[in-house]
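Chains: A, B and C, in written order; residue numbering restarts at 1 for each.
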């Protein structure tokens, strides 16, 4: 592929020189002649959805390639700004200092507090959740449950799920006294399902999927509103967020077309099958 | 008394190893078998890996391994030849190279991941790609290839070399006609071991070859290796266990095949040596 | 072997020597290159934060204001799981190897060897998955939160057991057969010969086996990430959660930028230095370093 064109003029030197033109030619192909290639980076919550939408879009548009790489919302912001990615994926609303970017919501999601299915506690107030995460309440007995220590499951640094959770409850990560720190949603679900004393928070979609598929977890209501994709959809659930694709300026060409497709009704079944909430 | 105690400890230890094996493999078999079918092997993943199979993942794994072995094999073979045939003329350099390879063999895979991500993906601009992942794995597999091939070269009887030298054969002829054919099984065994190690690798690949689970179109595409796929299904996809365990089962079966092939080679090698 | 007389130094040989010599130098440079590159990437953090703060800060909060970069709890966790796993897997592996050479009927020894080789090839994600789904819930029922140093030690012990068995088996089997004959002729008891003669003779190989397993344990990443709980706090008991240096990198690298990213490379540098120290130790003790 194209390596002849580059190395044609010069006689290639042996061994190392043989490889170089190949690499250079390849990079050139990928970078300049942007004939139908899109790069998406960012949030690991948005990535599976973007990937599924991309697959369907590719099937309809032969010759288009869409690469999806995860790495957190902040990476999505940085890469969209620097142009490393054509589109960034961000699982929260844009902040005031990110107004140089344009956000395009493709779905909605919420963050649900989850406990083990056998836990008799059915509701926790915001104050109780704060106290539990600060380590001031250490047993379930103190909130009307059994005599069992609480295992506090927190998210690892850099995830926007953590950021939103902290922001909603007015906590700082340095105050949190965690017993387990998890990376992705499913690790949190497995951790809570395997520990009757655990409490954690994960994406509503992932939690709802697990709870309806015989995984031993239960979603707690927040401020009296049940955590479900339904309450997220009608806007009542307090801890919810848009899943965004972000671009530097209004998207043109292929990027614009793909974003329009991702926002269209044609992908609602995909959004639902990943337990997110489609746009209206 | 001490006889009895040693015997009890030896039988006990072996029993515990077998029990641990039965528990672990039994667990994978029990959870993985229901998801395993011919269709699973030949169809691409769908619905974030929850549905569909692992065909594109297997293909990506083969590509990454091919890059890794294709790079590490010539380098490793040449290094082993130098260490075994010429190194004694420069003992200091030989010592340094040996020492460096020992350290390289001990470097944690996540450090290879750090290096591969920063060097191949970012500095060289290869991005998340099969090439980045393959080259990172090549660095990892290099010490294994050098050591096992070196052992094969050293196992060639000294009389053979002396005979060759006495007949006035050049070193090139000795190497290509006598030593390499004799050491070929060791070379293959080393390659298989390297493949086995690379196949099981996750930490070094997540940050170099990435997550994209489609059929790769070129070596500059990001692609998902089998062990990364298992990790993602286990840690990031609700309802991914069934296919995760089935993929784990496929991986374990591949490792088993590699071990059996290595043994067959080793047996053939011992026979040809005696 | 030197070419006798060097009557006609053939061009082919000179080329062969030059090319393989170049390859050997390149192979030797790989590890130096990796270390220097990791150092280069870690430099911004080392310079801006200062090396001291990586052990004296209040905790690990690279994104807090002001950021905290203490790696010490993770270093302690890495060393603790490694030592714990070696304490379990060391003797168990040694006795299994002895069983294979001295006690087992040949068929059973072959079976055991096949099993251990398969276990050696099982990827760490599979061990981690087993730990997360099976082992941690068991521990959680006994001593919550379950995800703990102990879980890490148990999974890690299981993971390095095959390396330990294979390497010490190679060491013991490598002790010359005549050693055994002499011992038998002198009328030693079975265990007497084992402890008095064979094991001391295999000493170099056994210490190599131990150190090889130790580097494997120290470097394990994904399985630790899945079972130890990942709390970057100094662990105060076996049942307390902990985060290893390796898991720290895997957990945060994809999300880290700028100084946070550089701080993760400092962790990688620390790991590389630990391995270098172990290899130096092995050389100093005269250990036979075996791979495979």
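Just so we're on the same page, contacts are C-beta pairs under 8 Å (C-beta built on N, C-alpha and C of every residue); 3 or more make two chains touch, one makes a residue touch a chain.
Everything numeric in this text was worked out from a predicted model, so none of it was measured.
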item: Chain connectivity with chain B absent, coordinates unchanged; value: one piece
item: Of A-B and A-C, whichever chain pair has more C-beta contact pairs; value: A-C
item: Whole-Å gap between the CA centroids of chain B and chain C; value: 16
item: Inter-chain centre distance, chain A versus chain C - centres from mean C-alpha coordinates, in Å; value: 34
item: Multi-partner residues of chain B (each touching 2 or more other chains); value: 234-235
item: Overlap residues in chain A, where contacts from two or more other chains coincide; value: 44, 70, 183, 187, 190
item: Of all residues in chain C, the ones touching two or more other chains; value: 132-133, 226, 254
item: Residues of chain A that touch chain B when the two form their complex; value: 1, 23, 26-27, 29-30, 44, 47-48, 51-52, 55, 65, 67-70, 183-187, 189-190, 206-207, 209-210, 213, 215, 273-275
item: Partner chain C, residues of chain B touching it in the complex; value: 2-3, 5-7, 9-14, 16-18, 20-21, 24-25, 27-28, 74-76, 78-79, 81-83, 85-87, 93, 96-97, 99-115, 117-119, 139, 142-144, 146-148, 161-162, 165-166, 170-172, 175, 193, 196, 199-203, 206-207, 227, 230-231, 234-235, 241, 244-245, 248, 251-252, 255-256, 258-259
item: Contact footprint of chain A on chain C as seen in their complex; value: 59, 61-64, 68, 132-133, 136-137, 140-141, 144-147, 225-226, 229-232, 241, 243, 251-252, 254-257, 260
item: Chain C - residues contacting chain B, complex; value: 1, 3-4, 10, 12-13, 16-17, 19-32, 34, 37-38, 41, 91-96, 98-100, 102-104, 112, 114-119, 121-130, 132-134, 158, 161, 165, 189-192, 194-195, 212, 215, 218-222, 226, 246, 249-250, 253-254, 264-265, 268, 271-272, 275-276, 278-279, 282-283, 289, 291-292
item: In the complex with chain C, residue positions of chain A that touch it; value: 44, 70-72, 74-75, 78, 148-149, 151, 156-159, 172-174, 178-183, 187, 190-191, 194-198
